[in-house]
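Labels A, B and C are assigned to the chains in the order they are written; within every chain, residues are numbered from 1.
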Amino acid sequence: MALLEVQDLHTFYGSIEALRGLSFTVEEGEIVALLGSNGAGKTTTLRSISGLERPRSGAIRFLGRDISHMPAHRIVQLGLGHVPEGRRIFVNLSVEENLMLGGYLLRRTPREVQARRDEVFERLPRLLERRHQLAGTLSGGEQQMLAIGRALITRPRLLALDEPSMGLAPILVQSIFQIIAQIRKGGTAILLVEQNARQALRLADRGYVLETGSIVLADTAKALAENRRVQAAYLGGEPEVAL
Amino acid sequence: MVATRLGPAQSLITRYGPFVVLLLALAFPLGVNAYWVTVGIGILTFAMLGLGLNLVVGYAGLLDLGYAAFYAIGAYTTALLTTVFHMSFWATLPFAVIFSALAGVIVGYPTLRLRSDYLAIVTLGFGEIVRITATNLGFTGGPNGIYGIPSPSLFGFQFFSQNSQYYLALAFVLFVLFFTRQLAHSRLGRAWLSLREDESASEAVGVPSVRVKLWAYVFGAIFGGLAGAFFAARLTAISPDSFTYTQSINILMVVVLGGMASFPGVLLGAAVVIGLPEMLRFMQIWRLFVFAIGLIVLMLLRPQGIWPAASRKENPFGPGQAGKLGPPLPLDALRREETGGEGAALRVTGLRRRFGGVTAVDDVGFEVRRGEICSIIGPNGAGKTTVFNCITGVTRTDAGDVQLDGRGLNRRQPHQVVAAGLSRTFQGIRLFKNMSVYENVLVGMYPHQRASVLDSLIHTGRQRREERESLLRCQAWLRFCGLEEQAGHRASELSYGDQRRLEIARALAAQPKVLLLDEPAAGMNPSEKQSLMGLVRRIRDLGVTVVLIDHDMNLVMGVSDHVVVLDRGRKIADGTPQEIQADERVVDAYLGRDEQTDEEVGAWPS
Amino acid sequence: MSVFVQYLVNGLTIGSFYALVALGYTMIYGIIRLINFAHGDLFMVGAFAGWFVVGIAAGMHLPVAVQLLLALLIAMLAVGLLAMGIERVAYQPLLKASRLSILITALGVSLALENGAMIAFGAGFDTFPPNILPLSGFQFLGAQVGDVQLAMFVLSVVLMVGLYLFVQYTPVGTAMRALSFDQDAARLMGINVEGVVLITFLLGGSLAAASGVMMGLYYTQINFMMGFLMGLRAFTAAVLGGIGNIPGAMVGGLLIGVLQSLAAGYISSQWQDVIVFAVLILVLVFKPTGIFGERVVERM
């Protein structure tokens, strides 16, 4: 049984059909990349999975349970973390408060939360230096690290990452991808939406290519990296390799 | 939900409904006792107030919690002028109107820039100030108010009896109804609605929001003052108790309960808010409690109000309307007169913008030549949209200079940028969702329309001519963008691709020199994208310079004369499509450098 | 000088009552962007609940201190639960509808509470038992300060500080601040947003009830319409301090109380509300976010 199994997912924004029957799976411990151009439906897919959007039809099974109608906070509780597009850290709270909120579900065992917070600080010493600053004053890379660290405090079984390298300098992109590699090593499966397709595919086991709300290509990361259609999906234009 | 087509029953209601209601209103005093006639007058008074407040709340979307202040100012003006200066009721009306309008300006002008919730409390405070002042001053009669106001008379006829006063009230309602409807169906009314729907989008298509809001306020005040003048003369005595905060809330309920921006809704709302508690009198002390519960239940069941405004309109260019408007404009009418002049259409130099700790745009500069299609490309987060926002005055710039046709645009507000000849679309579509397709385009024409506020109020010949010309141009733009068939639809009903095209049509309606398109192709399939690029070329062929943001490189390459590449807030390339395609840095920026990830990493969480 | 101090003392006492109610306005606005027009009426219900409990407790010949404590606690609990019930039934279904429709619903709730109280307790004034509170006091800088005044002020401050600590240092309080900024991100932290909103109403309602009980005891008379003026002034206080800002509401409430007391003392009690509103309008025109308000990020 797959860790996450999405079947024929349809999600609408008003009268606009953003997802048109999406199906894919993520297995325990693997990294799966979702690729595609802007507006292809990648972010909507993640938001539907984590309960921020209500899909109109289709099934989303996580650990064997249908979560398509579960409220978002219950899905997090089941072990599905989501680092949303644009990081969405709480800029009005301090770095430390952001991390403590990451441990909100463990609030009855504050000592455990502190231990895990310290673990984040150990991994990401930049955050330790700035623990009392308002999160809004962090640089883009630090904000992204905070967003990832915050999502890891609950130790999710699956982590959905939406464009973690967006707008970051190459050196920071490097560190973010290192962190992703660490997370996988820790046994967390990752569903990765990423602009930086080459690097995403280097790290991923498998990948899917989305176009206007449907999956047009599914393969191993290695095969996708060599597929010209992937380039087409990013750079645009007609695919040079037919399906 | 809105019916997909105006059914025969519905069109019967729209055609004959008003006459039936008018007949019923005329016959009402004949069929009931004096008590109910008094209730009827109350309903009509609140209908006037509701119609006035509807402009402020229903149309412009400004929450006003002190509307009774204008009602009070009108009432006291008439009361004082008739009792102290022995003026006739009719002669006091202009003063009532002027004083309440002035009050509207005095409250509105300094406060309309505030966020709407603060505006709400300012209006509330103003309402209380007016009431307490009237209670405490000597010449307003203090808490007892003013007595002995003469009843209105006309050609020797005294409006003394209940029935005559009822008909006078009805005449006032019809008068207010007529003029508020005139305003609603004008340039100003459309601008109000657009502000209610999306204030920043409205600014971005050229509506000067503060001035337009102020007019909503002033007209609201005028009609409130008029209702007050009537009220004073009818009762022949007024006291501050009639102008409490509770009264303001009742008027607000009339509007929201009936249905915002809906004329039948407001009339119905007045009947419910004033009539229903009267009908519940048999419940004695339970009356208002039951009314309150009813109000809650009604809002839960119908949050849009009892009779919401129809957002789907009859297509003004449909087959049924043929001949009314005249022949459609030829495509050539849309062509831009070449403004001549050498130099760049748009020149950006040294643009810089930081958000918190993140530099979104860092020293970006480029030039767009007249009549070309220029694309700004780059991966997500490269700062493309921020560049657009800086150029159009939506966000402040930290440094840099923007010139349109050699004239500086720095520090201009978004609506001034549009008036200067630079229009835009948004990455996330920002239409006026609850307005019809053609109304969206008409709002886009705001900066070039000349109808004054007075023209809008009385629909002068000049105004009607301009409206007809605007409709014809609107038709031409919709046809140009392939949307003529859907002109009467509600904007939010359109398909995704059509919404994108409507946004373009709305931006074009401002007759821009330069059009900025922010990811117009996002979320489109390849064939939709191709047709969109065809549209972009046709726009250029009309003489409009186009600046385009997109990700889709091959598509951009096909259509652009000139490409600027941004990455992480900096410009990394600038040249012809051929030059850009050959540029290694660009491909790297898109697909990412394939750098070695350090495999020797520890597991986390451990 | 001593007169000035006297006005100040009286103003701070009343102001602390305003501040407790203003906190509810500001918290609820901060979290769901609703001006809860029914909030002043919760204060009124609190006053009646306290009055009712004192009546029963006095009949049981309990010591006065126990009577007062019971009145305070039961009123706070009852009104807190009432506020939660109102949110669940009347507001929650409308959170995604237009903001004006939920506002009208709040007005409906306000009207229902007022008329419900009128039906239950009559339209006239009800009075707390006379001399239930000691009249003792002391001189301070030439002003007469009642022991009761001081006790009430201290109790208000304790409640406010308690709230502040809760919001600042507990996970649920942090969640409140987080979701007032970004609801979706809060959900992704596993925060039950609807639940936290309910807790906010519970807190706001019980603070209003505490204020109601104290104000009722202070003036001894209560009436079903007493929530109206209180609501107006407390809302003003919340905006003056910067709506959505908790310390702002506290300071705003005290300021309004002092301003009112000074205006009534030096000018005329008839004009006190005019002066309060005039100051509010001036503050908003020149500092549109209130005294403590931060610039709200407009999301594009």
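Methods note: a residue touches a chain if its C-beta (ideal position, glycine included) is under 8 Å from a C-beta of that chain, and two chains touch if they have at least 3 such contacts.
In this text the structure is predicted, and so the values were computed from the model without any measurement.
**Student:** If I average the CA coordinates per chain, which chain comes out farthest from chain C?
**Tutor:** The chain lying farthest from chain C is A.
**Student:** Name the chain pair with more contacting C-beta pairs, choosing from B-C and A-C.
**Tutor:** Most C-beta pairs in contact, of the two: B-C.
**Student:** Using Cα averages as centroids, what's the distance between chain A and chain B in whole Å?
**Tutor:** Each chain reduced to its C-alpha mean, chain A and chain B end up 38 Å apart.
**Student:** As a quick test, compute the distance in whole Å between the mean CA positions of chain B and chain C.
**Tutor:** Each chain's C-alpha centroid was found; their separation is 36 Å.
**Student:** Using mean CA coordinates as chain centres, what's the gap between chain A and chain C in Å?
**Tutor:** 43
**Student:** Among the residues of chain B, which are close enough to touch at least two other chains?
**Tutor:** If we look for residues of chain B contacting two or more partner chains, we find none.
**Student:** Provide the list of chain A residues touching at least two other chains, using ranges where the numbers run on.
**Tutor:** If we look for residues of chain A contacting two or more partner chains, we find 91.
**Student:** Could you pull out which chain C residues touch chain B in their complex?
**Tutor:** Within the complex, chain C touches chain B at residues 29, 33, 35, 90, 93-94, 97-98, 100-105, 107-112, 114-116, 118-119, 228, 232, 235-236, 239, 243, 268, 270-271, 273-274, 277-278, 280-281, 284-285, 288, 296, 298, 300.
**Student:** Which residues of chain A touch chain B in their complex?
**Tutor:** 14-16, 18, 37-41, 91, 116, 119, 123, 136-140, 142-143, 152, 155, 163, 165-170, 173-174, 177-179, 181-183, 185-188, 195-200, 202-203, 211-212, 231-232, 234-238
**Student:** Show which residues of chain C lie in contact with chain A when the two form their complex.
**Tutor:** 171-172, 174-175, 177-178, 181-182, 184-193, 294, 297
**Student:** For the complex, give me every residue of chain A touching chain C.
**Tutor:** Touch list, chain A to chain C: 50-52, 71-73, 76-77, 81-82, 84, 88-93, 97, 100-105, 107, 150-151, 154.
**Student:** Show which residues of chain B lie in contact with chain C when the two form their complex.
**Tutor:** By the definition above, chain B touches chain C via 57, 63, 110-111, 113-115, 117-118, 120-122, 124-126, 128-129, 132-133, 135-136, 200, 245-246, 249, 252-253, 256-257, 260, 285-286, 288-289, 291-293, 295-296, 299-300, 303-305, 389, 394-395.
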